[in-house]
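Labels run A, B, C and D following the written order; every chain starts at residue 1.
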Amino acid sequence: MFYKRSLPLIICFVMGVLAFCQEFVAHPSADAFREEMTTWFRIMGGFAVFIGAYSLLHMHVTRIRQRQQGWGYSAFVFLGAAATIAAGVVEEILKGMGTFEEGKSFSSFDWLYDYIQVPCGATIFSILAFFMASAAFRTFRARNTGAFLLLAAAIIVMFGNVPISEEVGRWLFPNSSGWQMIFPRANAVLMEYPNLAAKRGILIGISLGGISQSLRILLGIERSYLGGGE
Amino acid sequence: MTRTDRIPRHILPPVAAVMLLVSLCGAQAPNGPTSSTLLVPSTPSTQSTSSTLTRPDPATFRAYDRPSDDGSTVAVEWGLSRSEGKDIYYVVEIASREDMEAGKFKEAARIPAGDGLKSDQPKYFGHSKANEKLHYAGIEPSAAYPPDRAAIKAELGKDLGIKPDTMPGDEKLRRYIDNEKLQRYMDKEKAKRLVAEQRRLNQCPYYFRLAISDGRETRYLEENGRVKIVSASARPNLLKLFKANNLVFSVVFCTIVLLFIRAARRGAALFIRKIAGLEAVEEAIGRATEMGRPAFFVHGLTDMDSLATIAAVNILGRVARRAAEYDTRVRVMNSFPIVMAVSQEVVKQGYTEAGRPDAYNPDDVALVASDQFSYAAAVSGRMVRERPAAMFFMGSFAAEALLLAETGASTGAVQIAGTDAYTQIPFFVTTCDYTLIGEELYAASAYLSREPRMLGSLRGQDVGKAFLMILLVVGSLLLTFGVLTGIDFSWIQHILEPF
Amino acid sequence: MPPIEQPASTKTRDVEILVVVVCLAAFLLTCLLAQWPEGQSKVSAKGFGIILAAGLTLIMYSFLYRDNPLFKAAENLYVGVTLGYTLITTYRLSLKPDIIDPLFIDPPTLGVFAGELARRFVPIVLGFFLLTRLSRKYAWLSRYSYTFMVGWGAGIGIPIVVHTFILQQIQPAIRPLLDAETFRALTPFSWLTLSSPALWSIIGTLVILVGTVCVLFYFFFSMEHKGAGGAVSRVGIWFLMISFGASFGYTVMARVSLLIGRVQFLMEQWLGIAGR
Amino acid sequence: MKITPEATLRRQEITRRIIYALVALAVITPFIYALPVKFKPMTLSKNLYDKVESLKPGTPVLLALDYEPSSMAELQPMSIAILRHCFRRNLRVIVMTHWNTGVGLCKDVCEKMAAEAGKESGKDFVFLGFKPGYQNLVLNMGENLLGAFDKDFYQKPTEGMPVLEGLRSLKDIPLVINIAAGASIDGLWIPYGRDRFGFDLGAGCTAVMAPDLYPYLQSKQLIGLLGGLRGAADYETLIAKPEAATKGMQAQSLTHVLLIVLLIGANIVYIGRRYYGPKEA
């Protein structure tokens, strides 16, 4: 129990206090300590990736084993991962043998990245552009004053941000160069005053919440990071 | 250097008290200025009697360890001269002990007159008015006296057991050691030792003298007919005093939060305002009852370790209880097994509290799908099929928020959302009838659960917010008043200055 | 755990998919292991790549019509490739240069090896502890790794948050409504004209001040928002809504940009219709 | 009036698909018929450009490209434009990323731009690749840059590289430009980098994040900001080399107009119905 719960909480507290204090210490030993610790965490960061990978693979293994709906698709995850890892390993071996030249030899690893990962990754969130258009027409409504203000601001921003607003400005006010830029300027003013003020308010609120959460973690009041178990 | 002159006079008493404490701690740091003045016979310099150059008051010329730093810099300061103007500049010269005895000085800094004032360095010296009348140069001695690279290399070779005549690159060595590896290792190690050596050199005693020049003639600062030489060595200081405001704020704020958490644990009645979205929950369930259709509760896509999910579960407790009382079916959708288990427990408890444990159906709490778009598609499908009369979206959402809320709105249900994902709030606001924004979600959860941890933190944060709001309003008003009347209130900005 | 509901008709389909997967896998692996040389065969790797990329892009967009097997397959393939890529790059750029090279490749002498090992021993052990989270029995060991990281992060986080998000943000927010120079340059009533910069500067500063304070007050929970408080909080919500509107507009812009990026790819690289 | 769920559903599906088709049309048309678009760069973009322009040749600049394929449409044009500008000004360019899924994109843009400008890796620029650690990596670089990256992406030792000559830590770098999706700017480079080590920070971000960064612009924690594709187009205009982003502005304009029309039209009908139409049961 001591080793499983109390000692980790004590270490957390001690580390936290040390980390807090080194911020206020001018002595070079504080810098040295910071460098040492951040080197540690940088190295440990490399291991953390494997946990994420494992839990993802594990999820798909479970899906296949339990024959959950759409379990066949999980095979594609393994296919993609296996192909990429194989390509990467082959490349490392070739590099070790000296037959692979960076930038000259054909890299199947880069090929998989460029022609599978990049197009899929780049496309998946662009689908939302369609959904937004449909939602804009079907459901985004000025239900109350707040939503009205929101939509009005959104329209100003959406219009002011694209070049066509300058064309429209020129068309509406062919003679006054000040008024021609009215839409981009409206956008800038909206962003730099009311938007800034609100974002700053939110930011300060979140920060205070963040500090109190850090404090709870330090003192062992919040301990969900320890994971389950006793 | 006195460190009190960066602390403004008008200051809130508690802040002053803590700062005083900090100052006292700082005074114990091994940074006593080790400066002394030496006078050596004036060396004949290019002096002419027809000079228009007036030298600054020699009494103001001092060198000392710069406070609040890591021991890399010696501060040199002197008063303004009467002949400051264009083309006139000061030269600070530095010498080690041996060089000083031999009369050899090197140029360490060249400061144009009218520039390089001590008041330009509020980080180390504060905003005292007196600083505007002093010039300042921060001198890093190792720039003038760099470490001896050859010596470092020789020493490194000795440590590795390599004789200086078989250093890497040498034919003899290449025969039995992987030369390239050794070279690389030595490069790295040398760089490391160079830094250490620089640090050591910075902290040796050095001697400084000051000259004023207009490009044609140079006149050294003299005292009693001799060139005035001052000496000092840099020392690492213990505390960064310029961060005192940060320390005070952090400590005071953390203490307040802690005190409130303790108070909440002891059962103090901490008030939380009514939250409009929560009131609407009752209405929405009432409407679902009237229409005889179910209510949907959709969790966000984070596991049980996120604050938003914890808050969502607390709100689910209230929803389930009301639904049980009104005899309306509530279906919970989520994507993590742990969240599902907790949700089942909470719903069951809600039914039990309402006195209808038999009406609880564990199948109403379902794991729908695990990844983002499948989740959105699956939940949307159910919405369309079952046409719920009330929808609750609680937790942390990402891009799926848009899809969920859109489908929900198109079924005509009353929708209530709550999320701390600020990027998704716009979509909820335009598609839902009520939205709990950011911290409101946590507040709603604390309001319902009365959990001391959340309640205390919330109240502590409120105190912080109140303090900052008052500071903003009062500070701005005082500064405006200051501009109108000419009274200097800039200390308000100075105590908040972040470094 | 109750099983996720499953329509009966999908079962046969899963088997079909599996067959397709195996065929694809065999094809791809042959290509890869043969280290497909650029330019030697008639279909260059790049050309085939662009066709494949265009195909995947179109498959992704087929989700707009309805959720379909091809979309799901592409999505899962993407997840897999990303996973493999992450693992390999992490090995290449983190584990290899930080652990393997300095310990086993670079040290010229045994003494240097010992020194490097001593420096890296704790983080490597903690790194392995991190992996115990995957075991049920030894998962508690991973707590030691987390506790170091979380403790450090929380401790350093407090002063950094105060510095960056509170002091740095509050300090520029506290300022006089008009600065001393503008004030001195003012003649009576001149600031009342619409074109006077002083007037606009006062309004601007005031908007930021009022907005920040009102938004903070909206998130202030220790007081009922009634009367004056209610008014302040209402102004706060208006400011919030305007800022959400700005976020909304920018989010729409972002998604449209992503779509444009894909269309650009399809039109220019795949179809070869070069726009102007 | 009783409408079956199926009928409603079908009607909704049809509307939905018409709108999808309209959006597709709005995006594709400008690639076939070019629209005339002229625009003035925004002040925020100009500020960043001016900063880069003011640096003397040989000044080190760190480019942190923290994004992955999912936001490359917005950010890759920025990286291209900024790298081109840096190389044109003969700055010493150091490139890195915090995202391991973005390594390939960074490598691509580095190699292409270097080849275009005739720059040599290790001498004129260096691509450091990826390291895990996020804020710890930034702190680590702030103490010891070469310790954090003792080899570059191509596994060449960084010690002794001419491009890194005299650079011990982030304190020696006057300008960092962070092009980022996600919380990299306000979560990493401002608190752990800029505010501690004192360099100037310029940023390019996805449009989603841009509104959140305005407070830092006013407090001078950021010296300039490129927001989304528009920011990229601005930068391309500023360096007089219009490419993908500038071309994309035509489609962007058209699609925004379409969306605005849809939004306003639907809301006018909604408000009209709500105040003048029959009340819902």
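Simple rule for what comes next: a contact is a pair of C-beta atoms (placed from the backbone, for glycine too) under 8 Å apart; a residue touches a chain by one contact, two chains touch by 3 or more.
The structure presented is a predicted model; accordingly, all values stated were derived computationally and were not measured.
The set of chains in contact with chain C as well as chain D comprises A, B. Counting C-beta pairs in contact, the chain pair with the highest total is A-C. Chain A and chain B have CA centres that are 21 Å apart. With centres defined as mean CA coordinates, chain D is found 24 Å away from chain B.
Separating the CA-averaged centres of chain A and chain D is a span of 14 Å.
Of all residues in chain A, those that touch two or more other chains are 20, 23-24, 31, 37, 39, 41-42, 45-46, 48-49, 70, 113-114, 117-122, 124-126, 128-130, 132, 134, 136, 138, 140-142, 146-147, 150-151, 154-155, 158, 161-162, 191, 195-196, 199-200, 202-206, 208, 211, 213, 215, 225. Those residues of chain C in touch with two or more other chains are numbered 4-5, 63-64, 75, 82, 85-86, 90, 94, 98, 152-153, 156, 158-166, 168-171, 173, 208-209, 212-213, 216, 219, 240-241, 243-248, 250-253, 256, 258-259, 261-262. Counting partners per residue, chain B has 184, 243, 246-247, 250, 253-254, 373-374, 410, 422-423, 426-427, 429-430, 438-439, 465, 468, 498 as the residues that reach two or more other chains. Residues 31, 34-35, 37-39, 41-42, 45-46, 48-49, 102-103, 110, 113-114, 117-122, 124-126, 129-130, 132-134, 136-138, 140-142, 151, 154-155, 158-159, 161-164, 166-167, 181, 184, 188, 191-192, 195-196, 199-200, 203 of chain A touch chain D in their complex.
Against chain D, the residues of chain B that register as touching in their complex are 184, 187-188, 191, 195, 384-385, 387, 410, 422-423, 498. Contact residues of chain D toward chain A in the complex are 12, 15-16, 19-20, 22-24, 35-40, 42-43, 68-73, 100-101, 104-105, 108, 111, 131-134, 136-137, 139-140, 143-144, 147-148, 154, 211-212, 214-215, 217-218, 230, 249-250, 252-260, 262-267, 270-271. Across the complex, chain B is touched by residues 20, 23-29, 31, 59, 70, 124-125, 128, 131-132, 134-135, 138-143, 146-147, 150-151, 154, 202, 204-206, 208-209, 211-213, 215-216, 219, 221-222, 224-225, 228 of chain A.
Of all the residues in chain B, the ones that touch chain A in their complex are 68-71, 199, 236-240, 243, 246-247, 250, 253-254, 257-258, 261, 304-305, 307, 338, 370, 373-374, 399, 402-403, 405-406, 409-410, 422, 426-427, 429-431, 433, 438-439, 442, 453, 457, 460-461, 464-465, 468.
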